[in-house]
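Some structures are shown below for you to check.
Here come two complexes built around subunit A, the first alongside subunit B, the second alongside subunit C.
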Partner chain A sequence: MYEHLALSDNGFLFDTRSGATYSLSRTGTFLLRELMRGTHPSDLAARLTDAFEVDLPAAARDCEQFLFRVKDLALLDEASDDDDDDPGSPRAAEPFGGVR
Partner chain B sequence: MSGRDDSRRADGRPLTVAVTGLNATDNPGPGVPVIRAIRAACPDCRIVGLAYDALDPGNYMDGIADDVWLMPYPSQGAGVLEERLRAIHATTPLDAVIPTLDSELPTYLKLVDRLRDLGIGTFLPTADMLRLRGKDRLDALRTELGVSTPRGVALTDPAAIGKLDEELDFPVMVKGQFYDAAIAYSPMDVHAHFERFRAKWGVPVIVQEFVAGEEYDVVALGDGEGGLVGSVAMRKMQLTDKGKAWGGVTVADRKLDAFVRDTMAKLRWRGPCELEVMKASDGSGLYLIEINPRFPAWVYLSVGAGRNLPWAAVQLALGEHVAPMPPAPAGVMFLRHSFDQICSLADYSALTTLGELHHAAASSPATAEEVAR
Partner chain C sequence: MSRQPYDKPTILKHATGLANKFGRGPSRKSLERIDGVKVTELIERFGSPLFVFSEHRLRQKYREAYRAFSLRYPKVQFSWSYKTNYLDAVCRIFHQEGAWAEVVSEIEYEMARRLGIPGEHILFNGPYKPEPALRTAIAEGSKLHLDHYEELYTVERLAREAGRVVPVSIRINMDTGIHPRWDRFGFNLDNGEALDAIRRLHAGGHLVLEGIHSHIGTFVLDPEAYGRAAAKMAELALTVRRETGMVVKYLDVGGGFASRSTLHSQYAPGADGSPPIDDYAEAITSALLGAGFPQNEMPTLMLETGRALIDDAGFMVTRVVGNKRLANGTRALIVDAGVNVLFTSFWYRHDVLPVLDRGGMLEETVIYGPLCMNIDVVRPSVLLPPLEAGDALVIRPVGAYNLTQSMQFIRLRPAAILIGENQEVDVVRRAEVLDDLKGPELLPARLAP
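Then we have the complex of A and B:
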């Protein structure tokens, strides 16, 4: 569901469908990478407390804001679009030389 | 490219392709990038630049045209153009010609058969297709061919503006038939833009429903039978003050790809074109807002994306088969730049006095003294 997003290690995000680019903070990069790896949104706050010195209520608030922002940017709104399209159309995008 | 030598003809001379549109201002013609694309696939091809002005920078750029000929303006008619092409062909036999400017297409279309008789290939839309892509015909594309376009009307009489809100929802885009566009929030706004565009470009003035969203530009090559040879979609990253792309990045959106395939199939487009497509922010889908019947000036991006569409157009003009290309990858970016080209005064002198310039004959930056000798 995130195949259209290319995220570099330094937090540069490229939406291959829209052509939009973003610069993410260190925690934003961490959270998006977790989502891209399949972490459920409800588990994000716990992952954040594991990786950063932050208490769970603050992490939960930050994650909520992050998810709201991601939705606001329409990064995930069309996540299922590809499912009903031509499966024979190769769309592999590796704009950072394979860094995902 | 195939295993054979694409750069040579059967008689051993180099494959020779003529390309127009060598101006390279901040609103450049597509000629220079088209030539760069051909060179990328066929370094040993001979390229003949067909220029309308001795000051077109493409005339003098290193590694662009081997020969440059000044051409009569399209307004002088097909007969004059044919005469000039015949004279060039007698000196430098041409295998194909790729016109790249909107304004010259109708004239070239009149010559397609005669050029074929001379052994000069073209791969262009038909006159009917050219009429179909007119801005005043976009609404007909929607109603007659089922292409998704914003609802619109072509106005010739300002008296009709008062009834626009019966047909269209405001805001609307008001467009000159050849150039210029402005948003209008009321019939009063439409009146003001109508008078301005009528004075500048004549009638009709086109009024279309405004589609809020992101614009994507697609360079495409159609086979004329409903098939798509290849396409590359791009989002502009920076613009000139004229709204022209000065940087962009390829995108990979399957819905956009499907839209382009579907549109090209419905139009049965033959040859190159640029589709301007709006992706509506309200989620209502994709809308075709304009078709330009030639390669865009950013077409070299197609080479960067591994889909060399100008070279494919040359092959098709030569009557060769070109297999459909897979969709282009996302994330290939271009930035345009400008620089000061040092030119030989002798070269400029040759073009202005003789109307032709042959780089193969070797030229170096010449001074006024050398020109006078």
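Then we have the complex of A and C:
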């Protein structure tokens, strides 16, 4: 599931499938490496607190956002893409029509 | 195993493949203190958002500007352009430094009088000066700058009624080689209207020409435009002298020098792109010195410099309210200061600096203000490290126009503080309360809740 990704230790990521490249922070590199090793997403926060000076609630929140971002970038092909809840229309019309 | 320092987990897609991997990394900037005072302490004491002004920078800029001109020309007088920022504390600092007042309405006139400025040290500009204001200005001997013929006729009538000869100046506009050309204020020089107006006021017998005023634009990046303006004004003054015998006592070149801000359309940051004040001084004074005035009739050079004196001295302190990832992947930050208090964001690319950079990757970020309005964008794109709700940011330079143009739209206006030269911190405008907004309203009894 991650064979198409080449991740270097200094956070450079190459997606061989799309040709896209990315930079990851140290903690981002750590998390993606964990995912590539098969760590379950629900265990990521605990791993993060083991390795870095961060408490569990903050780690859990940051992991959630990181996972969302990774998924959003379509880096991982999930086995079963669970039905995305409808995000609605995030760029909905302005309440005041943006008038000035 | 010892734990490593934490930064936020981030992943950034490279916009142009490998190319920018090898580009020079962006430099990281943060700003923990303003004039030695910790920004986080300011927020604790005064809340956020918060306008912060530096007395040291105000005085320093003024002295630099005064020096640039007075080293090159014998008679120089600055007048503080009230609309740029009319906080009493700010005006008083410039007045203490020697500046007169430049006002464009009867309320600004009153502000200056309340601060102890005598009428003869007030330059009264603007396209609309109501008759009672004109009467007061004439009675108190202020320097009236006529904008159009109706105003000329009114002032002439008032002079006649008072049985006096009243000194006046006229505002002129002209081609100085820059765009946009501000031709809506004053009388046009190039088509002869300005000279006609002067002949007309001279012929009436109740007015005498004292000065010639122009203000060619704002954030004018070309000092030579001022050189051309000064040369044309000098030529007009000499023509008037020849034709009418009236000696023009002052030439007022207005304001408009660029500050170190950066226009959205500018490539280089303003700190590198804006000419130093010396360049403006050189262009203007050499035009005047070369104009051919007799030694005993050199006019006083008046200046109404606004933004270039104050922009750098003003900061907006704000706090992060929330992080967002937009549907298109862009990182967004919501902060508690929006275009309601940073009106100039529409034109200028302000610096946005974190007070504390905890590390982590820099990412292009759009900064939104707190208003429920699509237009409330403080910066469409700026490189910032990861930030948490509650983290403080400093936005600069915002000393010019933001406070005077701030509005009570959706939110009340924040406090303004002044940091003194010895790091004293004073509130110079308290944060508004609901009654500041609702006080003037009246609710008809039949609508009472």
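The rule we apply is simple: the second predicted complex is superposed on the first by the 76 of 100 C-alpha atoms of A that agree within 3 Å, B and C clash if a C-alpha of one lies under 4 Å from a C-alpha of the other, contacts with A are read in each partner's own complex, and residues count from 1 in each chain.
Note that in this section a contact is a pair of C-beta atoms (placed from the backbone, for glycine too) under 8 Å apart; a residue touches a chain by one contact, two chains touch by 3 or more.
Nothing here was measured: the structure is a model prediction, and the numbers come from that model.
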Residue contacts with subunit A in the superposition, subunit B compared against subunit C: C
First (subunit B), second (subunit C), both or neither touched by A:6: first
Which of subunit B and subunit C A:27 touches, first, second, both or neither: second
Contacts of A:35 with subunit B and subunit C, given as first, second, both or neither: neither
Subunit B versus subunit C as contact partner of A:66, first or second or both or neither: second
Which of subunit B and subunit C A:52 touches, first, second, both or neither: second
Partner chain in contact with A:19 - subunit B first, subunit C second, else both or neither: both
Subunit A residues contacted in one complex by subunit B, in the other by subunit C: 19-21, 90-91, 94-96
List of subunit C residues in touch with subunit A within their complex: 1, 3-14, 17-18, 21, 323, 325-327, 329, 360-361, 372-375, 386
Of subunit A, residues touching subunit C in the complex: 12-13, 19-28, 30-32, 48, 50-54, 62-63, 65-66, 68-70, 72-73, 87, 90-91, 94-96, 98, 100
Residue ranges of subunit B touching subunit A (in the complex, touch as defined): 214, 216, 234-235, 237, 248-255, 257-258, 279, 326-327, 329-332
Partner subunit B, residues of subunit A touching it in the complex: 4, 6, 14, 16-21, 81-82, 85-86, 89-96
